[in-house]
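Structure first, then comments.
Going by the order they are written in, the chains are A, B, C, D, E and F; count residues from 1 in each one.
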Amino acid sequence: MSTDQNQMSLPRYMGVPTFMRTPYQPDPAGLDIALIGVPYDGAVTNRAGARHGPREMRNQSSMMRSIHHVSKINPYDLCRIADIGDVTFDGVFDHDAVVRDIEAFYARVHAAGVVPLSAGGDHSVTYPIFKAIAKEAPLGLIHIDAHTDTWDQFQGSKFMHGTPFRRAHEDGLLDGERTVQIGIRGAQNSPEGWDYSLENGMRVIFMEEFTKLGVEAVIAEARRVVGDGPTYISFDVDGLDPVYAPGTGTPEIGGITTIEAQTLLRGLRGLNLIGGDIVEVAPPSDPSGNTALVGATLMYEILCLLAETRANR
Amino acid sequence: MSTDQNQMSLPRYMGVPTFMRTPYQPDPAGLDIALIGVPYDGAVTNRAGARHGPREMRNQSSMMRSIHHVSKINPYDLCRIADIGDVTFDGVFDHDAVVRDIEAFYARVHAAGVVPLSAGGDHSVTYPIFKAIAKEAPLGLIHIDAHTDTWDQFQGSKFMHGTPFRRAHEDGLLDGERTVQIGIRGAQNSPEGWDYSLENGMRVIFMEEFTKLGVEAVIAEARRVVGDGPTYISFDVDGLDPVYAPGTGTPEIGGITTIEAQTLLRGLRGLNLIGGDIVEVAPPSDPSGNTALVGATLMYEILCLLAETRANR
Amino acid sequence: MSTDQNQMSLPRYMGVPTFMRTPYQPDPAGLDIALIGVPYDGAVTNRAGARHGPREMRNQSSMMRSIHHVSKINPYDLCRIADIGDVTFDGVFDHDAVVRDIEAFYARVHAAGVVPLSAGGDHSVTYPIFKAIAKEAPLGLIHIDAHTDTWDQFQGSKFMHGTPFRRAHEDGLLDGERTVQIGIRGAQNSPEGWDYSLENGMRVIFMEEFTKLGVEAVIAEARRVVGDGPTYISFDVDGLDPVYAPGTGTPEIGGITTIEAQTLLRGLRGLNLIGGDIVEVAPPSDPSGNTALVGATLMYEILCLLAETRANR
Amino acid sequence: MSTDQNQMSLPRYMGVPTFMRTPYQPDPAGLDIALIGVPYDGAVTNRAGARHGPREMRNQSSMMRSIHHVSKINPYDLCRIADIGDVTFDGVFDHDAVVRDIEAFYARVHAAGVVPLSAGGDHSVTYPIFKAIAKEAPLGLIHIDAHTDTWDQFQGSKFMHGTPFRRAHEDGLLDGERTVQIGIRGAQNSPEGWDYSLENGMRVIFMEEFTKLGVEAVIAEARRVVGDGPTYISFDVDGLDPVYAPGTGTPEIGGITTIEAQTLLRGLRGLNLIGGDIVEVAPPSDPSGNTALVGATLMYEILCLLAETRANR
Amino acid sequence: MSTDQNQMSLPRYMGVPTFMRTPYQPDPAGLDIALIGVPYDGAVTNRAGARHGPREMRNQSSMMRSIHHVSKINPYDLCRIADIGDVTFDGVFDHDAVVRDIEAFYARVHAAGVVPLSAGGDHSVTYPIFKAIAKEAPLGLIHIDAHTDTWDQFQGSKFMHGTPFRRAHEDGLLDGERTVQIGIRGAQNSPEGWDYSLENGMRVIFMEEFTKLGVEAVIAEARRVVGDGPTYISFDVDGLDPVYAPGTGTPEIGGITTIEAQTLLRGLRGLNLIGGDIVEVAPPSDPSGNTALVGATLMYEILCLLAETRANR
Amino acid sequence: MSTDQNQMSLPRYMGVPTFMRTPYQPDPAGLDIALIGVPYDGAVTNRAGARHGPREMRNQSSMMRSIHHVSKINPYDLCRIADIGDVTFDGVFDHDAVVRDIEAFYARVHAAGVVPLSAGGDHSVTYPIFKAIAKEAPLGLIHIDAHTDTWDQFQGSKFMHGTPFRRAHEDGLLDGERTVQIGIRGAQNSPEGWDYSLENGMRVIFMEEFTKLGVEAVIAEARRVVGDGPTYISFDVDGLDPVYAPGTGTPEIGGITTIEAQTLLRGLRGLNLIGGDIVEVAPPSDPSGNTALVGATLMYEILCLLAETRANR
């Protein structure tokens, strides 16, 4: 809110909450990294609530500070970073309009040469983000999630939170060979989504393989898959075990711990990272607020990665 | 679940929960009154959650018993009553399809000569219900709510939870002169919905008039407005003060008490009542469960009214 | 956040939350009314938590809209209104420094000729507000609360949430003869605070008298007491019954309803109102969020009063 | 815990919680009034949880202070009052043993000439209390509740929370003609309990009559019924509307407000009161803690009544 | 509710909740596996609430789908599976009657040649289940729990939730040599239960040994102990760490993770499994609902095991 | 409360809650170990609430029993142990007075030759404890926490919950060379606290090193650091991952598990332990109550250590 980063040293409960207590600046011009909310959850199959995710992640992100205790990166020393607000919608009830609105918002950010780091919203929003930022070439993807999100449709809809990466792949926005999906688990009524990922070259690390390999080997595998091409990080909090992230629409028990998630993200330093998102934080199912705190902290971890990449460009 | 109403004398926490512990019977044939869930909340402007309303109202309705302590009516002595399940949807993400699915479900009930008593879902669902049951003639309406729900559109959508009675009126399904709206309150960005109601002959009892008149005078006025024509009762729980019904999408403080609501409903005996609904119970915002208990109890009150009307036909 | 009030017509869960979705403008210059947070609760005797009040009231105030449904006042048509942020503190652990910081903040607002409407924070903050805005002449006070807050000290401290009006009166900032205290109740270990109020000419309306008189007579009495001199409204949410406001530090059962509170406030139109506050909203004790919603709605009610007064000056 | 009542002036969150912060003294000898917990809920028909009632009421009773703000009674000036702990059980799973254990505990208190004021536990516990204290003569009863608790049995058990006053009446411990039951409501599967009360001379004030009469007339009627014989007050918190007392096993909407309850109790001054209880506070269903606060405050109200009666003997 | 498994592809919040969205069929005839609720918690020593376990596990089990993501087993392809409802009770307050009612219910299932998979209720219910299904020969047992549940009595009762396996063993229904108890931990006032297990040949894997061995070695040990004889799985959710299962009556910190539990269960394929249960899910202590979700998911894991065993018979 | 330890075998929900159900005895004379509450949280930088920690830890400590299931230590056989109540304050709003009050209380315990085991309160309270018990010689320290708490000041205050070990070290009460800090993590705005620890010889085990080493190596390192000199254990529950301890003021994701914490503490047997504390349990942020249960259980673990040390003196 303030343009003054000293606000970070105030007690955390004070002030209008922007992401990470960064300045609020609706126009992305001049920024290196834009923090963006996408308050949309009209595409979920079970519990709604992720529409409230950006606001509550902003609230909990007041707990974040500047110097990373492992890497010693201070992203605010490396980059110009601001909260540019939420995507707004002209027709929040119309899936096609929602896709257009999100795409248009990110196209503006992308045109300004700014790296987007987003807080969803349900996972459907990643597809229009890709439409805006992957026009030049298909992106690599590091995708943490309980579900591959490569299903074809649900209840007749092709734009919903189980389909974004199928749509992006079909549109040539996502490079299947440079995609790794981590933490996948949970029964399904059809193997169709799993099959789509496997048949299209995606590296699917089911939760059981994750546990067997250990996080360091998973990091190595993820780095191998995405290589040095431009890569996006998409983190669905239901990839975590629901004790860490109960506030989500389709929890699956038996997931990743936050230590594993932090270690995994920290293992991605030096990749060619061009954007990221944290999605599916649903505050109404989060009585302790921990899910939003987890979401905000993982957002900070990704911010450090993006800032270092950007600064080293 | 059982076809045996003795299940009502079991401890309330036992068994698969149907509405009021009535038998589950998907086919309405042979019934007098059908209890129906409409688990849809894709048309709200603020918090979703009413999709979970039918299930939680079924759960809390186990607390209901048979003999009304004031009227001594036992609806199960007067009528054949069952839970016929939920409306199902082929395309839950498509507003037009939702309207068609709900209309088709109620058309089947209506064709069987069965009186519907429904648990929403958001208030948008009342419009397709009217499309099914008001074909023969426009209905009168006793409408308890904080909002007139006669707005024109929101974010470009004409089918949303602030518009059902405008749509029904425009379609000739609702008789404006036989409509009373009770408990209206709360600031608006435009007076357009209030104006539509007033300009189309609806009797709008704002909360302040409700308080001044007292509930007995409101009953008299409601009876005068609807007369002896066929009348529907639509009860949005946000008509109640949010201390009674915190679990709702757009709460407005300063509303009706449950004693007033019960008194009001009991004052409607003898009217020509042909259906009713309780809508906008949103369990994710209801930490104590009281909203669903209130919803279930008011549903029982309306059930007694409908049963008496039906038995006296 | 936006300077554009059209943001009020967006879905309420979107955007960075400012009070009432007004523009954020740290400098009060040019405003008629400033909305201010005072996130301080270091002076409570029981549960802390009101430090989180401003942020959660901002969050819930997204539910507010513009046109009052009774008075038809649109405060945004009458006045220039903005959220000027929170009082910041240099030494949040030092009572004397806190008093100085708050006083300095409000002195700046006062010097700019701007009417302050504040969200606490515990009730201690009203004393330094008075130090800033009552320099010219002692103010009249309409005070809704369960406690007179005219005690002398607690645990050796004279600056705490049970003492602000004693301090203000001792300093000549509060006119005892033009002070009315409404909703007082609850056992005490000493009658000292009650006695101070009565012995210094304040009109104390205990809850039992409130119930007996009815709200219209209370309005008349309040108007009589404050007359046409400059008057401040201080609303401690523990004046309400704790079912309406469980999220507060020292709840007392048997209080005012929200309908009564709204009616009371609406009865104050035309008085010479020069500021107001809503205090003691403590979100950690508010599982449903209703207390903050109540707080935000009452803040909107007072905003309408202040805007009308200001516009008629 | 301390024998020093100055502990009442400490911050309320401090210390080991006894009822009202009175001294803990297991032996009733020398006391006028004993505060007692009965942590038993093995006789409920729906949700358990009242076993945790005494502990949580002790916790919340730290909020109580000494001087009543209406009557100016300070019970601690009038009587020697202590927390004598909880009834302990040798066989908490055996209904007959439970009855014996409770009766024996109260017989000891009664033999010491001490007036008992109890916190339940479910309502079944009042029957063995009567067995201990009504040996000499049947007692009059002022009974606030949603249910008459004069049913015969449930699931084969005659000792459960819907039967205590039938059992007490059958045993000649309760004088039906001097019994008033206030706040009764809610559907039943059989009118048998209502009928038992009416056929045995009890004055049953259903909720609707309560609302019509108003609380002052109810007080007059209650005083008329019990006359000047020895009288017990039994307050089931489900007599209150569940917004005031969600934490209870069998809530019924449409009940008494806390203001009405306080007014009612204050209207009983001067009666020949020889004991009382607050029952059915069930903390697991009480997310905000308000039910226990209400229970503790009503316990304080009854304590003032008992102290005045005792002092005037 | 429907006999149509397509209901599994509907949104999960729809419909009357049966276990796993299987058809409701009160008569077990013709089934391979019956899903059963035992809503009884009258035998706990601390917090009650497991009476509500079956209903909430049914609710959360809507999240389950058909194809296991590791084994690719679809139990519904292998077996005829239905929800046959809850055990009902004639005398829920009488321990002996409860034992008789449960035994009779399972005897009927057993006589029909149907494998029972149950949702408790407290752990006492496993004893009468054994009385019904272990008549022919003592069963082997894989028992996950924080407590050995081989204590002798509590408060004079031999039928309570700390004693079922002592009773079953004493009755010759449980083969001590073919019993393994996993996850045991927490202080005790007497080592008597631990000693009983060890002295009677049971293999007790305390939590510390579990951690040291790792889950694969525990699987091997469990398989060694039970061999190829008929074996029952009894899973008390307090075997899990309370972060995964806060909703339980006697939580003990430092327990099993859900990944470990899932891995353990999946390691039991090919054993001669003849029934199982998930017990001690207590929804009132489960604000996020995760305990019931965990319970439902583990129930699905056991269902896959039982279905495979049954199909391979 | 009782002087009778048999109260430990009663159901856990009964009775006035003292720590571990030990006798309440305000005078420490004659004890070996005193259990003490320090209900103070006036020195936190974010959420308050730890003032309620002692009461809720007492409540949850009813779940504790006597015989440790690993070590078989029964501390009550080894030592005289009692709850001596809470530190009381004369001026809870004045930091200097708070330091004096706490120091004086512990000086009295220390003078009686009694080992203190405390429940905070925020972490600031450990500094005045050190002032009382480390007069003779600087103490060694095993410190589990997310933060080093060796910062210099916050908002101008040197006595706050991020500074106790800096103050103790500056005063010569803490031996930096015999200090190990375990679990440190989370971003900071300045490295100053980390630097102070490292520059003053403290062994800082950041969370990442903890994970890499494993808990057994951490135990060995901790034992090496503190050697056989007198050593204090200070356990801030934010050292744990917030899924185990959401109820704390400044949670940091990615922390220690309870199994690791228990293993770590059990690895400290035989050290020269002279006191300990569990701090920062903040019940208002702990909807499930698990944080207080964790706090009480860890307090029991430390009690076993202290009892063994004391008995072997």
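What we mean here is this: contacts are C-beta pairs under 8 Å (C-beta built on N, C-alpha and C of every residue); 3 or more make two chains touch, one makes a residue touch a chain.
Because the structure is predicted, anything quoted here is derived from the model rather than measured.
Taking each chain's centre as its mean C-alpha position, how far apart are chain A and chain B in Å?
Here chain A and chain B have centroids separated by 40 Å.
Between chain C and chain E, what is the gap in Å from one C-alpha centre to the other?
55
Using Cα averages as centroids, what's the distance between chain C and chain D in whole Å?
Result: the chain centres lie 38 Å from each other.
Which chain A residues reach two or more other chains?
In chain A, the residues touching two or more other chains are 11, 13, 47, 51-52, 89, 92, 155, 243, 285, 287-288.
Just say which it is for the chain contacts: an open line, a closed ring, a star, complete, or other.
It is other, because the touches fit no line, ring, star or complete pattern.
Of all possible chain pairs, which ones touch?
Pairs flagged as touching, ordered by label: A-B, A-C, A-E, A-F, B-C, B-D, B-E, C-D, C-F, D-E, D-F, E-F.
Show which residues of chain A lie in contact with chain B when the two form their complex.
41-43, 47-49, 51-52, 89-95, 97, 154-157, 159-160, 284-285, 287
Considering only the defined contacts, which chain F positions touch chain E in the complex?
8-9, 11-13, 63-70, 72, 243-244, 257-259, 262-263, 287-290, 293-294, 297, 300
So in the complex, which bits of chain B are touching chain E?
These residues of chain B touch chain E: 1-2, 10-11, 13-18, 24, 26, 37, 39, 51-52, 55, 58-59, 83, 85-86, 88-89, 92, 287.
Using the touch definition from the top, list the residues of chain F that touch chain A in their complex.
These residues of chain F touch chain A: 45-47, 155, 184-191, 194, 206-208, 211, 241-243, 246, 250-255, 285-288.
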